[in-house]
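Right, one structure below, let's go through it.
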Amino acid sequence: MTRYAMVTDLRKCVACQACTASCNAEWEVPAGLSRTQIRKTPIKGTFPKLVAGTLVAQCAHCDDAPCVPACPSAATSKDAKGIVQVNRDVCIGCGFCVEACPYEARFINPVIKKVDKCDFCSPRLERGQLPACVTTCPANAKFFGDLDDRNSEVFRMVFSEGASRRDTPEIAVGPNVYYLGKREQVDLVMASYPPRPPKLPVAGVLWERAAKPLVIGAVAMTFLGQAAAFFQQLRIGEKEHED
Amino acid sequence: MKTSAIPTHPLPLTAEQAEAMEQRHIKKHHIAIMLLHWFNAMVWGLELMTGLALVSSPHFRVVPMWFLELVEGLFGPRSNLLRAHLTVGMVWIVVFLAYGLFGGKTYLTKEVLQKEIALDRDDFQWLRIRVLGILGRSKEPLPPQGIYNAGQKLFALMVYAMLPIIMLTGLIMAFHLFGTAAVGWAVLIHFVTVGVVVCGLIVHVYMGAVFPEEKPAFFSMITGTVNELFAYSHHFKWWREVKLEDEIWLHQRRSSEDAVPPARGGSDPGQNTVG
Amino acid sequence: MKRTITRRGFMGSVGVASVAGLTGMARPLKAQAHPTGWRGTRRVKKIATICEMCFWRCGVLASVADGKVLRVEGNPDHPMTQGRLCARGNAGTGLLYDRDRLKWPLMRVGKRGEGVFKRVSWDEALDFLANKLKNLKQEHGPESVAFFPHGVSASFFHTLMKAYGTPNSAEPAFAQCRGPREVGYALTFGKGLGSPEPVDLEEAKLVVLIGSHLGENVFTSQITAFAKGLARGAKLVVVDPRFSTAAEKADWWLPIRPGTDLALLLAWIHVLIAEGLYDQDYIRKYAEGFAELAAHVETFTPEWAEEITQLPAAQIRDTARAMGQAKPAVVVHPGRHVTWYGDDTQRSRAMAILTALLGSYGRKGGIFLSTSIPRGGFEVPDFPESERGRADGAGTKFPLGSKDLGITNGLVDATVSSQPYPIKAWIVYGQNVLQSIPQPERTLKAIESLDLLVVVDVMPVDQVLYADLVLPEATYLERYDAPTIAETAKEPFIAVRFPACDPMYESKPGWWIAKQLAARLGLEAFFPWASPEEHLAGITEPMELNLAELRTRGAHKFPGRPYLEDRVAAGEPLFETENGKIHLYSKKLKELGFDPLPRYTPVEDPPKGFFRLIYGRAPVHSFARTENNEMLHGLMPENEVWLAAQAAQALGLKDGEKVVLENADGTKSLPIRLKVTEGIRSDCAYVVHGFGQRSRLLTRAGGKGASDTDLMSRVKVDPLMGGTGMRVNFVRPLALANQN
């Protein structure tokens, strides 16, 4: 089994956004949008006792990814290596998954009008290359590998060095993007950017809660009505109708 | 002829009359309409099948998994499924646009629409008695109906209302029009409107294909004609219209030239008078 | 008589530039020019070349298909950057396909500043310029033409201007950037540091950043080493009035009162000496003037410095002791843009002295030494000697001013005052003089007095609007440039910029423009090579290189001799001073009438209601030249002004609100968003440099954010070398609502 994961060492990361730019160039993400972003936390504390940190955000390829069921057409799915993939041929850009993502990692690409997000550079992985954000990182702060491989760097960082991930007791969907760093900085980053509850947009909620039962109900009732009529017809026989 | 011999309301028929009328056929549908009907039926079959299979999310899925697998087995990967749904949908829209464009003057006139979808007092009465009748709760005679009965009108009305919505929401989804939120709402509306039509379709299919009384109507969509007895008993108002038209036409013909009128609908004006 | 052009002649400006902001080139992504879906079937060729999104010159690979550059990424074979590349480098195609690029030669038809031009042919343009230059030479002498270059491709123009006979060439790299550092370290160790800075960050046990904001200031390989050092456990001292990205990582953050760094440095030196924490062997063996230094700093105690710097004495003492413990593996980062307060050479001297006391110069984990590489040249005539000498005061008014890099503000002053003689024409090459040189209103006044302003650039930067003639240069992806020979890298290397595609529109490479002009001016003899290939072959001749391999890999490295022991082994002199010693006490300064040992001079406090304007960089922009790049504009479309929460509250200003900055002379900036934060001292305001450009021909960057340069109506000129101290301006934020 393969379970890919990304670890960012926040002690090294300088928030230079090379990852974002490299990713944008690699995947032709329109200017102003990105599959991976650098977010700087507000500076906390009182001058001069301050702390601040950096979040390197991207799709977390969650074990229990809420975006997968949110996609009406199964354009989003999790592949055998743990990567959450988007099949652009099936995506219609309804945006349900965008709201379902606890990490705001998805967006609608205005050029292709379909959802866009990090796929751990799957096509590069297939060619034997590392993700574009990893190879470009000037600080060499990003590490990519297989959590099921006990000899991998990421295994060590996650299981021996105790890398953190963005989850809370309420929202624990098994993200596979981890952060290493000074405790207080990692804590601040985790506290500043907690996962948001996965949810559906209003249209989706109405669909699930109201439209789906109503339509099923109405179709079933109609069908049953007709079935009743049919049995009635059988009972009284065709003759009578023919008069 | 000063006054018409054509009755103004249905009168009981003798067995001979009925038999004779059953032998005579009146043209009901133009070939184009029949083709359109069956094209439409095919589209609905395909679109329902692919559309239902496309909705695979556990949140929204309405069909069992085996159905999804079956359809995927038929169409191949899910991308084909969407492609098929979109292609058929686009063809459908194009055909309907062509129909509106080229047949609009003929078929979408106020008169035609009035006949097809406008419900009158008789129609409401008909609906009540029909439903109760089917359920065996009423023996009342059905009020006379035009070329389409109230049930058909009601279905047509619903279809006319829903089609543009289904098409528009389909286009919004296919081409990502008006932004992401619009697409999200379009998915919902598409689903609901199709649901409404499906309810209608169930009745329509039952009445057309299963319900014995309306069998001639079903075959009329294949042959284009109904026998006069069926027209007389189920669509009296229309039958009368046809007869009146024939009478006028014949009258004009007779007064203008001394020629033998060609038989129309297999009938002879002399035989128009029943009872 | 013939002679060989020295490295300087061709290399001109190896490592140029600074926070001060030289503009020149900006560039973005034209969506339609960047074909989508190319990663499928098309044959993609990778061409190794050198980045020029900033001046660091990282190795890049350009993916090219059908003559289009699809992607620029790091070149793993490059010895310095090894495939790593910053945001700007990754956005290289954004420059190439910028819709606003200068596309063909333009001649002004409107008034200066209107930006109304007619398109002309290259022949017309070059004939016009050659005639003008001939006439100017005849009427006013060749010195009446001043040259403002930046970038590698300007090296060919450097040769041209010298051959033409004007000594008046000046890059902001000196007087607005690293000049004081080069002078200060040369006075101490015999040689300036050069670029890239030879700082052994990856091996350091302690890194001291004084005003350097590594991380926001990104040079890829320096960041790689910095991060590696931190991961290996290096301690970090950050001296900055602002809680920078580097400060976030610091073990000690010293939010110093702006302008008092020299007092802190003197106190550190005091502690090192008083507590015997300096490298006594090293000083005894290599340095002279220790006794004078010890006596000089005797009274500069941490307590003395606390009064001035507003940093706790204990913190000063702690950090000095940490340095003493980590020595010699201590990088006291010399900084890059260091023209701050007019005492900058002396401050750099203090940093050099501190480095010497820690025994860090030439030691592992400190400052490493450069390694010279043999290089070839061409048989060319001697450059004509100027009778009237330089107009910028380098070597005269400013005795330590660089005659290679020049003093930009000196040329502006000479143009405005016609002293020592009139300057009639400017050729501005690859920089935005209205953003790079402070007192832009004075620069404009100079421009208005000119007979001729020629701008050679890629983008329609601010002064293009005032140009009489505009020559469109090809971008770095479309041209060959003189090879980069990096002697200050730990492992020195040569790297070459090879064109990845043909020049777009009618743009031309710098070497072509220079050669064409030379031919028209009868100066062909200074360009005795016919093609880039011939030029490269000439330069690399003694290096015994396989040029085909150089072309594939993009670079070639040589063994380095970075530490003192390497020099001992090679039998080379350790320090390049006349007597081979480190000069803690500078007799040369004494002779010139300056303080032989650095001395703190008090800085003024901001007037009531004003804040000291400090400025810096963002990791996604270079100077004022990348703001129009579609991709980088997307990452950071405008700058913001940092203000302490306490100060903002007192003024009733809110975070995110738009304000106008007004300086103490009443100059106002364009509107800028306010960032209210705890992360800055309450006596200063901070902005990122490079925004607030006025050129409306820059359709993305024009008018976005505020320009710090616009607010620099005052400078404090360093009397030693002529650099402009630029952190001497005071601003106050005015709510935008009150401005309308």
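Note that the chains are named A, B and C in the order they appear, and that numbering of residues resets to 1 at the start of each chain.
Rule of thumb we're sticking to: a residue touches a chain if its C-beta (ideal position, glycine included) is under 8 Å from a C-beta of that chain, and two chains touch if they have at least 3 such contacts.
Predicted, not measured: the structure shown is a model, and the values here were computed from it.
> Thinking of each chain as a vertex joined to the chains it touches, would you call that graph a line, ring, star, complete, or other?
Contact map by chain: line.
> Give me the ID of the chain with the smallest distance between its Cα centroid and the all-protein Cα centroid.
A
> Calculate how many whole Å lie between the centre of chain A and the centre of chain B, each centre taken as the average of the chain's C-alpha atoms.
47
> Go ahead and note the Å separation of the Cα centroids belonging to chain A and chain C.
Chain centres of chain A and chain C, defined by C-alpha means, are spaced 42 Å apart.
> Using mean CA coordinates as chain centres, what's the chain B-chain C distance in Å?
80
> Specify, in ascending order, the residues of chain C that touch 2 or more different other chains.
Answer for chain C, listing residues that touch two or more other chains: there are none.
> What does chain A use to touch chain B in their complex?
Answer in residue numbers: 69-75, 87, 89-90, 92-96, 98, 108, 113-114, 200-201, 203-204, 206-208, 211-212, 214-216, 218-219, 221-223, 225-226, 228-230, 232-233, 236, 238, 241-242.
> Which stretch or stretches of chain C touch chain A in the complex?
Answer in residue numbers: 28-29, 31, 34, 36, 39, 71-74, 76, 83-91, 93, 214-216, 218, 220-221, 223-224, 226-228, 230-231, 243, 245-249, 253, 255, 619-620, 630-635, 644, 646, 677-682.
> Considering only the defined contacts, which chain A positions touch chain C in the complex?
Residues in contact with chain C: 9, 11-18, 20-22, 24-26, 28, 30-34, 40, 42-48, 50-54, 111, 123, 132, 135-141, 185.
> For chain B, which residues are in contact with chain A within the complex?
Touch list, chain B to chain A: 54-60, 62, 78-79, 81-83, 134-136, 173-176, 180-181, 183-188, 191-192, 195-196, 198-199, 202-203, 206, 210-213.
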